[in-house]
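Two complexes are shown next, each including subunit A; its partner changes from subunit B in the first to subunit C in the second.
== the complex of A and B ==
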């Protein structure tokens, strides 16, 4: 089954927002059986478990919403080039943290969290935040608290910092400097955490108030075997899952003082020798622009893998390895016909995998069987998000 | 080596540098390439980035050699203390390239080069739980008071406030 995206048809307006109806003069029935089409304004549903959000890609605005079950496009969230999107856990809003200029590529700079209604995709308001040096298209740059009341926007200005936003009052609260740290991790009841260049995890308690920063003991080597910033978070278990460039898997029980597990090797979980950082040691390695996706209900981590050596972490994935994180076993391997750049998995009971590549070719697979469900041309070449498990 | 240093010095200020042992660089070419590889991406290969919102190093960073505290500030910056350059002596030479070559001609009198020991002491005390903006302002105030650094050092580059 083949679907065409709205970009392919050359339309840019959000689907949900129709144009004003133009009055047609009353006419007799068209001899060719054509009826004049009346434009209207429709609304869409709040996020559904099978929905995916696909960034158009570098230099192109918009985040397309797809129903993974039908393969059809539902709408576009109006995200600008330099932005990150987060979804309200209750499904009412789409939040876009973005930097724009009044004249496009020049003029007055404006940094904000833009709030859209999830049913109409209409702009509700803009929350001004401090200017920052640009960060873009990384899911861990912009996270929300589990209750949806607070937004945390990574900022580099040029000290590493986090802009805290009150999403109820729709106001900027404060910037918390977090030198040497980036990639934000939810930490319900505490605040948030982040990974740091000294191999520690920083935890910011009471980020809306005193903002006290503590660090774990160092547990990974940021220079020698870094952690992909595209890590997973399991809200039910309050656990983060990390993967390093060589395939070491860490889990962290979040809290005021997160407990970080001893790592194990992804390759060993698949029956191979563990991968190393040694040059010319060829084997299966994780990689690509968005290499991991996590299905919380089953505890399965989906990882884009390729044959290569250490430091080939940007190579696109030729296989998906499905890791049962708790039992430490690779339980399935799905070979891909075309290398994939980004992977995401839906959070429903019958999960779907969404893949794309730099040519915007989208592919939807059944996450249990690997069966191909839909191919979508011009689906978007950027980062993919899944609707939160609702 | 001397050629590389002179070339870099040409970018940085146009004046002839002192002989390199005085800068605490046994291998200025390596120090320069380490700087370009690890710092130059954001700070610029010649230490100049204005008007980007990145501290301009050229002609400015040398002021931080002023006191033991301001010297320590540079070494405790997380991206310095946590540098991929793990060897303390090699990192000290990188930082000496930054302050003496990129920072020239504005070097406080009697300034001493960084040593491997300085780096080793600073690394475990990286400034990773403080407000760096405030910490920088505090150290700039010291350099102004003790070594006559200009008030423009408060900005990230000369003329920033006026923009």
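== the complex of A and C ==
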């Protein structure tokens, strides 16, 4: 007997379904009330104060959006490996700074800022830029101006520069050479600033035009006690909050000539002796991939801490210390069941903490009580962002 | 406490520059001349520091105290004091060899690591091998004197596949450049 191949059987089955559909038009006669359906596409809301954005992690595409209140996924923003995402302050767009190659892992390199509609998550356009840094786990390599009109993309080729992008006209404007500096800081009304290897802060005024660069006096030890790049920025106070490997806290009032405070010790703010750079000096140190998160309305800085020695700055956090930046006091400590690699806090009135590790285990806590709200498997293993305080 | 001096940083850059530039170029000649410069007694302070490198356990980092010199497929091998990535030694390559079909980056980040056999510090160039998918073997992330991107030559997070056919990261090597003291 001649037997049918799998392909032939499949074709017959498909035709049978088609004939059945023609012979028996859709009717609402199913005894269980199940109606025939059509495929459609969800439209989501613009960013909400409880939303978090979690990069999938090393070697994986995508940035997942989670509602921190429900713990549910809202959708995924397309973002290629080693990309950076920024959120339009008005909530209309998601911008992804990324690099792709014409033949996948080879061919012509293409660098761009890709623009997505925040409701449909559909691609709107691509803005070509000349270059950008390839690195993971950073939030300060792509920032926007406070009005959302300009994008600043850090480039390292390996010369340091910043690409200025006009997000209204959706055009690249110019590249500004910024030797020895990185980690971009918003500076509304001026342009942007950056931290530098000589311990200064560089400020770039009029970055869309003449781009005049000035430097502060040296204020931190860039090689001996560096400032973590994933620092915090408070838009209402126009203030940046920095933390060093040993736990020194600096604040900087941004402006044409930023005013940088004298530092104080995070450990001292918790009742301990200040941490040092000396070997064999075991104590609480800040660390992990994304060690700090800042809740602007309360002025509280959430810091992942671990016990260790100096130069353990990538160790995951076993506790969260909550620092009241203004009063210089650690007001709460939250012990974690599992060490965390990244921390972010939502900007609403009842803030939530989002944590994850490098195995993608996500955890949402009440930021005031530390109470566990949700666990999310495979939440994403990369850097976390919170929706801006809309 | 000052752990790392600027002389050492400058020397690292110049050694790297000298090692990867055409011998006939002016840049190379200038680089070689400057690499030699730290050998000359310029400042009494520098001489004093160089004469007394503290290699006591109390002066060593946690990594240096626990480093070994026999197995370069383990994260605690002494040269890996500031490496981040997959060890090429576990990926078909070696401590200074890229696996077949991949290509070493001509530039790199650097570390200063202490050899437990003689207690001396050496300059290590962590050159990425590029042009193949990430080798998912022997991932290490050691952080002695590892800083942030504003000091890029001491940052081990950057994809250092510059000047190669492909910028795809494959694995990392730890090439001995020379003594650091």
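Just so we're on the same page, the second predicted complex is superposed on the first by the 348 of 390 C-alpha atoms of A that agree within 3 Å, B and C clash if a C-alpha of one lies under 4 Å from a C-alpha of the other, contacts with A are read in each partner's own complex, and residues count from 1 in each chain.
Note that in this section contacts are C-beta pairs under 8 Å (C-beta built on N, C-alpha and C of every residue); 3 or more make two chains touch, one makes a residue touch a chain.
This is a predicted model, so every value here is computed, not measured.
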Fit or clash between subunit C and subunit B when superposed on subunit A: clash
First, second, both or neither for A:223, with subunit B first and subunit C second: both
Partner chain(s) touched by A:177 [first = subunit B, second = subunit C, both, neither]: first
First (subunit B), second (subunit C), both or neither touched by A:213: first
Touched partner set for A:131, first subunit B, second subunit C, both or neither: first
Touched partner set for A:157, first subunit B, second subunit C, both or neither: both
Which of subunit B and subunit C A:255 touches, first, second, both or neither: neither
Partner contacting more residues of subunit A (subunit B vs subunit C): C
First, second, both or neither for A:370, with subunit B first and subunit C second: neither
Partner chain(s) touched by A:196 [first = subunit B, second = subunit C, both, neither]: both
Selected from 24-32, 96-104 or 132-140: the stretch of subunit C that, after superposition, runs into subunit B: 24-32
Common interface positions of subunit A, toward subunit B and toward subunit C: 133, 157-158, 160, 180-181, 196-197, 222-223
Subunit C residues touching subunit A - in the complex, by the definition given at the top: 1-4, 6, 9, 57-63, 65, 107, 131, 133-134, 141, 143-152, 154, 157-162, 165-168
Residues on subunit A engaged by subunit B in the complex (per definition of touch): 131, 133, 157-160, 177-181, 196-198, 200, 202, 213-215, 222-223
In the complex, subunit A residues that touch subunit C: 58-59, 82, 99, 101, 105-106, 109, 133-138, 141, 154, 156-158, 160, 180-183, 194-197, 222-224, 226-229, 276-280, 308-314
Subunit A contact footprint on subunit B (complex, rising order): 42, 52-55, 77-79, 81-82, 84, 86, 126-133
